[in-house]
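Pasting the structures in now, so scroll down.
Two complexes are shown next, each including chain A; its partner changes from chain B in the first to chain C in the second.
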Partner chain A sequence: MRPSGFLAKTSALAIKDLRVELRGRDTLPPMLAFAFTVALVLAFAVPELPATARPTKLTVALAYVEAGFLWITVLFAGLIGFARTFEVEREEGAIDALLLAPVDRSGLFIAKAAANLVFVACVEAVVIPSLALFFAIDLGAGWLPLLGVIVLVDLGFVAAGTLFAAVAAQTRSRELVLPLLALPTLVPVFIAAIELTADLFLGAAFDDMAGRGWFAILLAFDVIYGVVAALTFELALD
Partner chain B sequence: MGDEWRNATSVTHSAWLLSLVISIRGLTVTYGRTLALDRLDLDLGPGVIGLFGPNGSGKSTLLRVLSGLLRPSAGTVELCGRPISSSDEGFRRRVGYAGHESGLYPRLTLEENLSLFARLYDLPARRGVEVAGEVGLSNRLQTRAGELSAGLKRRAAVARALLHGPDLLLLDEPYANLDDDAAEEVTRAIQGWSGPERTALIATHGAKRLKAYAAGGVILKQGRVVVEGRYNRAREPAPRA
Partner chain C sequence: MSSQGAARRSYSDVLGLAAWASVAVALYLVFFVAREADISMGGQLQRIFYFHVPAAWISYLSFAIVFLASIAYLRTASRRWDLLAHSAAEIGVVFCTLVLITGPIWARPVWGTWWQWDARLTSTLVLWLTYVGYLFIRNLSTDGARAGRLAAVIGITGFVDVPIVHFSVQWWRTLHPSGPTVSNPAADSGLGGAELAAFFASLAAFTLLFAWLLSLRTRLGRLADRVDSLAVATESRNPAEPQRVPARNPVGEAT
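And now, the complex of A and B:
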């Protein structure tokens, strides 16, 4: 297949998924409702501490808790969306027509992952400012590195989530199978995400963060998940 | 129907084998403990072939296996001497399949659906509009697929299967829920598609409708072929001028 043909087909499929969601609103509203509700409830779980010039043990612990809250919210909201990844294909048996079309399976994966990436980004666009407001987090210039962390987390998260959504879609208990497969696999990504985000909440310098190796871990898992998912997606659909 | 089939089998079967397209040997499919296809042997040549049989006889299963969507438990299926495989993109380009469901996205319009599949087959988007016209759906292009009636969905499914001009067309109950006029349009579309190098296998309970233009037929019962053959058109009276 020509690269231009591959890109055209992949983008057509991704646009199809977004258009279907725009008209049906089956995936994003439940994700957003879950994420915002959890963020609101968690806002009451964290005590307000007086500002200190230096981080104390308590403020450090609090930064980790807040970072944990943020990423756990994104993780579970994302899983809600991933569970619906293949519902659109199942409704009228479109999956058969899609599997018979001369489209590279890695193109199908990229299209599905791209649509999921948009959904997760929408959740983050709501959750992160909300939690920043609720927890009175002032990132200052830390927003840009946080954006980098978000991009790296999302790539691995969406790659693994989309692959496992395809596996789960072949089973009867797909709502159960998806978290059972995805959660253990995603642990390293979210540990790295929490470590890096907590550093940012504590005002750490970018060089210090990079020196701790969490960026490298995130990048490594992104590459592993992305390559493995693209290569095994055909088997998952079989 | 029985005598016609038996007569047809003896007269034309040897000529048919010369242009063999699909060869099925020992095909077995099981769903758990249910045997859907039982060591089925079948050779299919070019032309429109009817696939008949009672409910549960294995018609839909056979079509799914031939499409490559279902892997058999045992046996082989070859298309022009090559084992079929849905992972083979070349094979997928040659097959058009419409199952029980429409295979369309309910929230997209008919035009959006057909244009999407046209693009996936490297065809211009207008091919979707053309094929919709061939099954009489030109006036439904802007209707969302989910809002089409059952009969219109059937026609849309046939349009999608015909879109890329496949060599092998597999249709499961294309006449279900169709009134006479709509069935006639589907028949015209299939006849317009058919050619000397093309094979269609059409599962239907409406044997009369298919017999009017099919080259032959296969009857399945309990996962096995009980009758197969070609209609002997020479025995039928010529139509009046």
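And now, the complex of A and C:
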């Protein structure tokens, strides 16, 4: 059966990208290995503190550093993967064929972003347990809110990252341009992610976390960049 | 064509004269009329404020122009808007750099530190990085027409980020009451009439200077376009004899 609706076509394109990855294994395994290695190296920078029942100044500072390390690892590994968003098409000269796909260009954006989302989720599935192990973090009941934070961060990260990957793909020195564009833009996402994650590492209650407004920043970024990226993606491509 | 160009030139010359005159007036007011500020605001050093704040205003104005001209360019595909966006971005980055240099020079003796992770400072730095990225896209793009479109996308997404960055860094630091809080230098500095006059004169001078630079930069861009089209025209006339520029070899010279 041929896909006909917008959703069916978009998911067909996304599945195509994932299938290429499944057969070639060019992007995800290096991303995962990179993320794991970075997590390992960063673990050497974290000092061991005596266990305390209550958060002290030192444990609070450490929680922020650990949250920062976590998101830096995800961000860098993610950007390395995003830089390859159009690599298959570029290498095989198939970008025109991709543009001919009988779907609105925003569908193309959603398909590429969805494939990138899967990659980032895989990276997080490796990095977060590894870092929890390395840093001896016990999340307790905090894992469910953390999942919410991850989803909100990933949506904005993938939306902005996929758009900038399309822009960077058409420049010389692509690999350098992508972080140059993406990192300043992602500053709000990064700050919000660190604040929320550090709160969870310190065992904050969900209500306290939600009351601080960081979810609103993430949500605003997701919505704004989701819309802007879907609208400008086609202009960046042709 | 030539009359239109001449009209543009004289318009630009008038702007240039006005800019230089207003700069002279502003300098006089800033250094000879405005009184020395309280020592808690830096004393004589407080005069940097008359350059710092107008430079910040010009950089924000430039980036707003980049944003609007980028949208106009994507809608019309007219080279005029592309050139305006490019010119405004270059000038904006220059003035934003001035903001980031003059700020720390004042802050070092007054706050006791070159840099504070204050909301305003952080968002200015992020903004500067964004538009440096914009200029990189211009220079690293593989072909000219595409560079305009790619840069326009960055000009839009970068500006949209400004309010989000602003709120996030504001909450980030307000929620960490460690370290001194940074107040707006204008708010409690007791600027009197003479100081306000100097400030607004400086603001006007910077704005005129900006308008003049913008007209010069867009003219430069138009002339560069003409040179390019002339080069293409001569090339297509004698395709058999491509003009050869003797390549300089800096390594070869030594041997």
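In this text, the second predicted complex is superposed on the first by the 234 of 238 C-alpha atoms of A that agree within 3 Å, B and C clash if a C-alpha of one lies under 4 Å from a C-alpha of the other, contacts with A are read in each partner's own complex, and residues count from 1 in each chain.
Quick note on the criterion: a residue touches a chain if its C-beta (ideal position, glycine included) is under 8 Å from a C-beta of that chain, and two chains touch if they have at least 3 such contacts.
Just so it is clear, the model here is predicted, and its values are computed rather than measured.
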item	value
Fit or clash between chain C and chain B when superposed on chain A	fit
Which superposed partner A:23 touches (first chain B, second chain C, both, neither)	first
Partner chain in contact with A:210 - chain B first, chain C second, else both or neither	neither
Computed vertex angle (chain A) for partners chain B and chain C, CA, steps of 10°	80
Partner chain in contact with A:60 - chain B first, chain C second, else both or neither	neither
First (chain B), second (chain C), both or neither touched by A:9	first
Touching partner for A:121 - first (chain B), second (chain C), both, neither	neither
Touched partner set for A:99, first chain B, second chain C, both or neither	first
Which of chain B and chain C A:88 touches, first, second, both or neither	first
After superposition on chain A, the shortest CA separation from chain B to chain C (Å)	5
List of chain A residues in touch with chain C within their complex	160, 163-164, 167, 170-173, 177, 180-181, 183-185, 187-188, 191-192, 195, 212-214, 217, 220-221, 224-225, 228-229, 232, 235-236
Complex contact set, residues of chain B against chain A	67-69, 71, 86-87, 89, 92-93, 95, 97, 99-108, 112, 116-117, 119-122, 145-146, 153, 160
Contact footprint of chain B on chain A as seen in their complex	1, 5, 8-9, 12-13, 16, 19-20, 23-24, 88, 91-94, 96-104, 234, 238
Parts of chain C lying in touch with chain A, wherever the complex brings them together	74, 122, 126, 129-130, 132-133, 136-137, 140-142, 146, 149-150, 152-154, 156-158, 160-161, 164-165, 167-169, 171-172, 175
